[in-house]
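Structures given as structure tokens follow.
Note that chain A is present in both complexes that follow, paired respectively with chain B and with chain C.
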Partner chain A sequence: MHLEEFAEGESFFHRLDPRVKLLTLGPYTAVIAVAHDPVVPLAALVLSSVMAVVAGLDRKKLLNRLAAVNIFVLMLWLFIPFGYPGEELFFAAGPLTVTKEGIVYVLTITMKTNAIVVATIAMLGTSEIFSLAHAFVHLKAPGKLVHLFFFFYRYISVLHEEYSRLRRAMKMRSFRPRTNMHTYKSYAWLVGMLLVSSYERSRRIYNAMLCRGFSGRFPVIDHFSLRKHDIIFGVLMSTVTITFVIILTLS
Partner chain B sequence: MGQLINIRNLSFGYSNGRKLFNGLDFSLEKGERVGLVGPNGAGKTTLFYLIMGLLRPESGEIRVFGRPRENERDFSEVRQRVGLLFQDSEDQLFCPTVEEDIAFGPLNLGLSHSEARAVVRETCKRLGLNGLEKRVIHRLSGGEKRLVALATVVAMNPECYLLDEPTAGLDSRTTERFLRYLREYADTYIIITHNHEVLKNAADRIYELREGRIEPFSL
Partner chain C sequence: MHISEGVLSAPVLATGALLAAGGVALGLKKMDYERIPGVAVLSSAFFVASLIHVPAGPSSVHLVLNGLVGILLGWMAFPSILVALSLHAVLFQFGGITSLGVNTVIMAAPAVVSFYLFGPLVRKGHIMGILGGFGAGAAGIGIGSILVATALVSTGESFTGVAKLIVAAHLPVMVIEGIITAFCITFLKKVKPEILEVGK
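Then we have the complex of A and B:
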């Protein structure tokens, strides 16, 4: 499943207690997000990159994801540096002037974005979605929200599986997309079938849950237990986050 | 009253199609091991769904454990005591790992975590699933999924099994293991299968479902 492409592995982050991850990632990203000078984002970017290396993330897949995010950042680069109030830089293209402050500002945003995304992938991406859902349960998140999270994921992956199955079935019979009516029609069937069969499947899954005594509450079997490396990591991350806060308040 | 399931004058048809059953009668006694055969599309799976209350009949009576079953409340008791193995295991398994899926039922029945864990261990041992507990379900093979699906039913310790083509897609050794399990631990069940070998081994009586009626059948 493409949603969990980083979840398999044996790194430090894969073994980390998901509760610790959730608890430490929140404040960490929050501090990065509110930082207004480039120092904290730069430090965070370096730290997040270290995390990515420790988590043993597949470089190609990671860059793919970052590319998607940075398309938006690129748009900022097209607009903000021009006309941002501040000291004019070496060149002025007609009415457009690039300012030093403008560049620093966009650079800060770029570093913030990438630091947050990389840290999130390194920490949350390395847990199975279900252990994250479990972690939410253990952290006393509202049950309804957790169910929503769980089923949302469940249905997305069902939809994706159906889609791949149908695509395979089409390929097996030598379907090749072209620009003609046959192609459009086949894609329309594909989408229609996807909707119908996913709906039917979700109903059957619900039936199966009923047959096993489901009454609206999801039981959790695996209990997490904090181990030494979880605590060490928690303390480390908290120290870093607090340091960031101190730097921010001093500057 | 040794009658576990008693169906009288049952009529049912899917909303869009012809009538599948029109006045069907059927009963299952405690301790009976019944084989059910019938052509594709005869309505065997549908009959199981009706017994479990996943579909509701148009008319007729379904008695399970000696009591008429009509509403959701009645059937939720049936579902705790009758175990349905779905024709398609993909539909039956919805938890992330084998262990969690097997434990889902027992936990719903109110067992504690350590009890549920013990049930999981015992079930895996009986079915020869040791070593599969921590595996992620959607990465199992078709036959492995089938066995895990059976395990999820077995873990609820039902008094009666409804088995919808349980051995389809199993190799001969796994089929043998499955039949041995039935012989040792299950005394009342209905098994739908197209496999004569399995029928000979696992069923004392065989019925055929054809054109909306159930009749005795001999191999």
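Then we have the complex of A and C:
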């Protein structure tokens, strides 16, 4: 199961320190998320697109992701422009009216969503999941939570293999999913079997850890080092975020 | 069952983050070190299970199973769902960093409610197990969709139409999740009853 679609590459973002990424992305996306007017989201969308270009993201994969995210946004376009209080633009289908404010509101949401998503892919997608988890340790995230995440991510591919094996076994026995009780029962038992094997595996993992003297800490071999370009990027992103905050408070 | 980035207002996002932080803190308190591998690998199993698409008439729905997560993990459903959603946020961007708190509450709060309402029922006899399982599965989705609607309407009145649509669309999913959770509970009680004790 190949999950880290964007993590391979040699761009500036692939080499950036994951700690800097996490520290700067949080405030940046938060400011975009709370923006009221369309100015900050528009600026952010442009900036995020620049990041996507710098990160050298695969265009087709990126568009696929954006399409999936925008399904929810599309639903908002079908509802919100109608009946939103404000200046009437034109009449549509009898009692429904489209307002200018409604259009601006949904447009703002659309830009916010896409700006945040593109920035997240460009910054977090270009790091390996384990190095992000490692960065969270340095940022003083609760140790148990990081351990939980580590094991959780580590065993997804193992359990996905288990799942594929069970699916193959069902297929060989001519299982065809339909809308009936037999299908639901079979899927429920598939999930049940998956849970049973995950439970048994976790027991073995824990015993193996005890055998190797696990003391609640993972030794880390690779260490992060803050370099010049990390600091420059950090300062740049902070300046942008603070500028956004100033624009928001002034408007 | 998640809300995209950039949709909700600041107070809703902040409330979600605070509630999620509280739930996760409680869950982590219950989860001592020897339980971490168990909770984590069960979370991986639920992550894989959420990739299953079940046919529902002309369309199909993917499993959420947050009711079952609640029955198995209790308060630890909060950290379990948080890690799963953060992975979703990094890998697939279905819901992201700023909406992580809200989305965690949307899925984990119904899980904890299921744990208290249906957990004791599930551990009783056969028929009770089926009823409890159905209740947990249906409540997981039902309460979750109501929370999605609440978050949207608290952001703005103009979301009322979308919110109603979301709740209505989740009604058939409630039934399917109920049926699957009920079968799953019966299966686990027969094959591996210890799993039902993980969350205690």
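Points to keep in mind about this one:
Just so it is clear, the second predicted complex is superposed on the first by the 192 of 251 C-alpha atoms of A that agree within 3 Å, B and C clash if a C-alpha of one lies under 4 Å from a C-alpha of the other, contacts with A are read in each partner's own complex, and residues count from 1 in each chain.
Heads up, the rule we're going with is that a contact is a pair of C-beta atoms (placed from the backbone, for glycine too) under 8 Å apart; a residue touches a chain by one contact, two chains touch by 3 or more.
This structure is a prediction, so every number in the text was calculated from the model and none was measured.
In the overlay built on the shared chain, the residue A:213 is in contact with chain B alone; chain C does not reach it. In the overlay built on the shared chain, the residue A:130 is in contact with chain B alone; chain C does not reach it. Contacts of A:232 after superposition: neither chain B nor chain C is touched.
Contacts of A:169 after superposition on the shared chain: neither chain B nor chain C is touched. With both structures placed on the common chain, the touch criterion links A:53 to neither chain B nor chain C.
By the touch criterion defined above, A:116 reaches chain C but does not reach chain B. Of the two partners, chain B and chain C, it is C that touches more residues of chain A. Applying the stated contact rule after C-alpha superposition, one finds that A:205 touches each of chain B and chain C. Contacts of chain A with chain B, set against its contacts with chain C after fitting on chain A, overlap at residues 129, 154, 201, 205, 209. Those residues of chain B that touch chain A in the shared complex are 49, 52, 54, 76, 79-80, 83-84, 86, 88, 90-97, 99-100, 103-105, 107-109, 113, 116-117, 136, 138, 152, 156. Note for the complex: chain A touches chain B at residues 1, 128-131, 154, 157, 161, 201, 204-205, 207-215, 219, 221-223. For chain A in complex with chain C, the touching residues are 3-5, 25-26, 29-30, 32-34, 41, 65, 68-69, 72-73, 75-76, 79-80, 82-84, 102, 105, 109-117, 120-121, 124-125, 129, 132, 142, 144-145, 147-156, 158-160, 162-163, 177-179, 181, 183-185, 187-199, 201-203, 205-206, 209, 216. Those residues of chain C that touch chain A in the complex are listed here as 3-10, 13, 24, 28, 31, 33-34, 36-45, 47-49, 51-52, 54-57, 63, 65, 68, 72, 79-80, 82-84, 86-87, 89-94, 96-99, 156, 158-159, 161-162, 165, 176, 179-184, 187-188, 191-192, 194-195, 198.
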